[in-house]
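Quick heads-up: structures coming right below.
What follows is a pair of complexes built around subunit A, which joins subunit B in one and subunit C in the other.
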Partner chain A sequence: MADTTKEGVSRRGFLSWLGLAWTAFSAAMAASGIALARFMFPNVLFEPPMSFKVGRPEEFALGVDERFKPQGVWIVKTTKEIFALSTVCTHLGCTPNWLSAEQKFKCPCHGSGYYVSGVNFEGPTPRPLERFAVFVADDGQVVVDKNRIFQYEKGQWTDPQSHILLS
Partner chain B sequence: MIKIIINWLALPYMYVSIAIVLFFLTIRSRKLWTGKAGGLLLLGSILFLAYSLTDEHFRGLVTRPDNVPIVMLLFAVGFFVWFALKQAHENDERVMQGKPLDEVAWKDKVFVWPNLVYTELICMVVATIVLVVWSIYIPAPLEQPANPSSSPNPSKAPWYFLGLQEMLVYFDPWIAGVLLPGFIILGLMATPYIDKNPKGNGYYTFKERKFAITIYLFGFSIMWVLLIINGTFLRGPNWNFFGPYEPWDIHKLVPLNNVNLSEFIYVKFLGTGLPKHWFFREIFGIALVVGYFAVGHWYLAKKLLKRFHDLMGPVRFHLMAFLLLVMVATIAKMYLRWTMNLKYIIGISEFFFNI
Partner chain C sequence: MPGLKDVMESVKESQVWKSVARNPLPSNARTRALAVLNNVFLHLHPVRAPQSGIRLKYTWCMGGLTFFVFLVEVITGILLMFYYRPTVEFAYADIIDLREQAPLGLMRELHRWGAHTMVITVWLHMMRVFMTGAYKPPREFNWVVGVVLLLLTLLLSFTGYLLPWDQLAMWAVTVGTNMARATPFVGYEGPGAALLKLGDINLVHSADDVRFALLAGRFVGEATLLRFYVLHCVAIPFVATILMAVHFWRIRKDGGISGPM
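Now for the complex of A and B:
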């Protein structure tokens, strides 16, 4: 057959247009891919600090302190110790509510319940709430360090970093 | 008084049992209610709704903008199930009397264009108008911006996932969130290959497909639709159960101290403590689960559904039997939780393996 069709587009011409189109398309895709990758590394990253001061041990009243819930911790003070409980339900990650009348944490998603200590006693959750590292800084303030977690089922709640003993 | 009784009937094991009994009764007596009695059913449910609307709590619940479509949907589901069964029943009658099927008897076939396309166009326009008017008059239930440090109480999944959310109460997340939905999706996809029976293709029938239709309708109406009702209307703050006329009290106290099977046996029954090694601790649970499936497969294949087994061949049959057994086990586990506060049958939290 002849190289030229009725409309006047030659096979070679068609192929080169096709090549051009594909090249342009690939370039566009590559550019948007790069833009997407760039998007993953924002210039400013707003991340709340992982470790912060919450106040002096004697400033806390006995029981659960909810002031730091936005930072993801409940500060619990008992007669013996102070510890920081994670506000993330160990079932699927909702935020439980502290019900002071019942003295328990109760999750609104599937009904898991935890004692003040963070140990689970009802609902579907398989394990207790996690605790964060706490220690007293030089200025006498309690520091919560969310980088280190202590899990009850691994026997980590006896770790000296997992609580502040009150004398 | 009526309200107290209905609230009591709405306890989970009560109302699920009632629903299951009613389900099989309606399937059995389809002759009755696919006829005139169907209107009575509709009337009854409308009367129930009207009566319930006098209750403040119930009214608040069904008129919530997110719940209005769910109520409409329930009526729609009822209607379509009724309609399909009615058609099926009529066809069954025709076959019994030796007449041709309804679908064959239709002499006057019509063209897609214009008949069907016009109907579709009109439906589209009407649906658009309804949606626009609706969205103007019932404001969208928007809430505050998402805040990770406070989950709304109760936190509900979108309505079509409420059944799955309910499963999460009874099962470990990997079962409720991965395995069971996986079985649903893969099982439905595999159904045409498992069930190659051509009967019922292109025409309504019930008699020729009793088993298939009953099992499917059971799964759909009890395990999916009923759990949507459950999640929408009966689950309240702290994910507790509330009757339809029971105000949502955040401080309602429900003892939910769940106990594993191993604790039931070793602590309550035998009085010895839990064995140290997980295998000995869970041996009864493992035996129960393995035994359930082994006996279940054997019983279905050799006794109850022997006819199907011979018809379908072992591979197809056991696939089907497995899916069926899983469905039954799911409900059984829910009952065990409601009646005995059983947490896990096998609870090896050392490996995150809990059933």
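Now for the complex of A and C:
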């Protein structure tokens, strides 16, 4: 037994224990690294809820309702439907203003303009505003769900969840 | 009546002096080198610099000026922290008060001008190093350290941009951080993010992507203000200081300031 010392630890055995130890140490370090990275993702957000009730369909006047702009939506009612438009400009994410005299949404940052429908017609923006899911809850109130997004350019504005049809 | 010479002599013989200064005052080449080697700050520098290498025409002193402006930013920044509160309620008002109410209403302007100056001097320093070929072996690694320092300088400017909490700050950072949404795989609008799915559920979405970690939320809010404040005042300067020490020390280890070709 040339490679065995007096204590009975062989070179091969020592090296495999060393390898195991380094593997365990690296795994522990990686796990703590992931745990530390997780620390940067807060569990509780002090933001408005993503899903909320805005009132009964018949309570809305025709046109753009700006009451829920702080929650990030315009409720738009036409003679045919109600839908919820996102207040985030699809150019770079600023918040456009509703100009009722000109009947358009106009972004103050770079001048993108949108029709009442949310479709863009001027400025640098590449695509229309996004719409959020809307449906009527059991109590007759309209619920806006910002977790579900409908994009015109993907043909999603025909989805039944993207608007409430008025009969 | 002891003369000035005798007083100086007894000071130099005292235990206090000897415990602080390890070397006699530099008088020849050897003691001058020892003075540099035995000082924690000076030892980062080359012991000797060739006369040709430190000509103003050659270096523009841009690296030194950048470090000087960084020190100005650290000092004015620490002073500003005594008056500024990084909350939605107070941030903007404190910025106005720094101009209108705080003594020497110039402190915030000094900090802002210094920030602009530092970006300019960093670029000019980089241009000088490029033009004189000072990035070539054996100095490639120090060029890389310098590029990281450039990035940290720009990040310091960006995080500081939000702190006044006015309309410009708010929307500039909103627009700037929107780019993070397009990061491959870890940004929810980036390429590859749509591939990371469990059944119907997107694993990368607006509440767990890289932009969310940067903003501490789905949009720029109070948590973002606090996060940018900590990054601006502690985290980035901490990393930058360490890298600067490496940057200076590597000049010495890579053979001093590069000479004219």
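What we mean here is this: the second predicted complex is superposed on the first by the 123 of 167 C-alpha atoms of A that agree within 3 Å, B and C clash if a C-alpha of one lies under 4 Å from a C-alpha of the other, contacts with A are read in each partner's own complex, and residues count from 1 in each chain.
One rule holds for everything that comes next: a residue touches a chain if its C-beta (ideal position, glycine included) is under 8 Å from a C-beta of that chain, and two chains touch if they have at least 3 such contacts.
The structure displayed is predicted, hence computed values, not measured ones.
Of the two partner chains placed around the shared chain by superposition, neither subunit B nor subunit C is touched by A:Ser162.
Within the superposed three-chain model, A:Leu45 lies in touch with subunit C and out of touch with subunit B [touch as defined at top].
Judged by the number of subunit A residues each one touches, B leads among subunit B and subunit C. Look at A:Gly111: by the touch rule set out above, it reaches subunit B but stays clear of subunit C. Once the two complexes are laid over each other on the shared chain, residue contacts for A:Thr90 go to neither subunit B nor subunit C.
By the touch criterion defined above, A:Glu122 lies against subunit B but remains apart from subunit C after alignment on the C-alpha atoms of chain A.
For the contact definition in use here, the residues of subunit A common to its subunit B contact set and its subunit C contact set are 92, 94, 109. Within the complex formed with subunit A, the subunit B residues making contact are 148-155, 165, 168-173, 177, 237-240, 250-251, 253, 255-258, 349, 352, 354. On the subunit A side of its complex with subunit B, the touching residues are 69-72, 87, 91-92, 94-97, 99, 101-102, 106-111, 113, 121-124, 126-127, 153.
For subunit C in complex with subunit A, the touching residues are 171, 174-175, 178, 207-208, 212-213, 216-219, 221-223. Interface residues of subunit A facing subunit C in the complex, by the touch rule stated above, are 40-42, 45-47, 92-94, 109.
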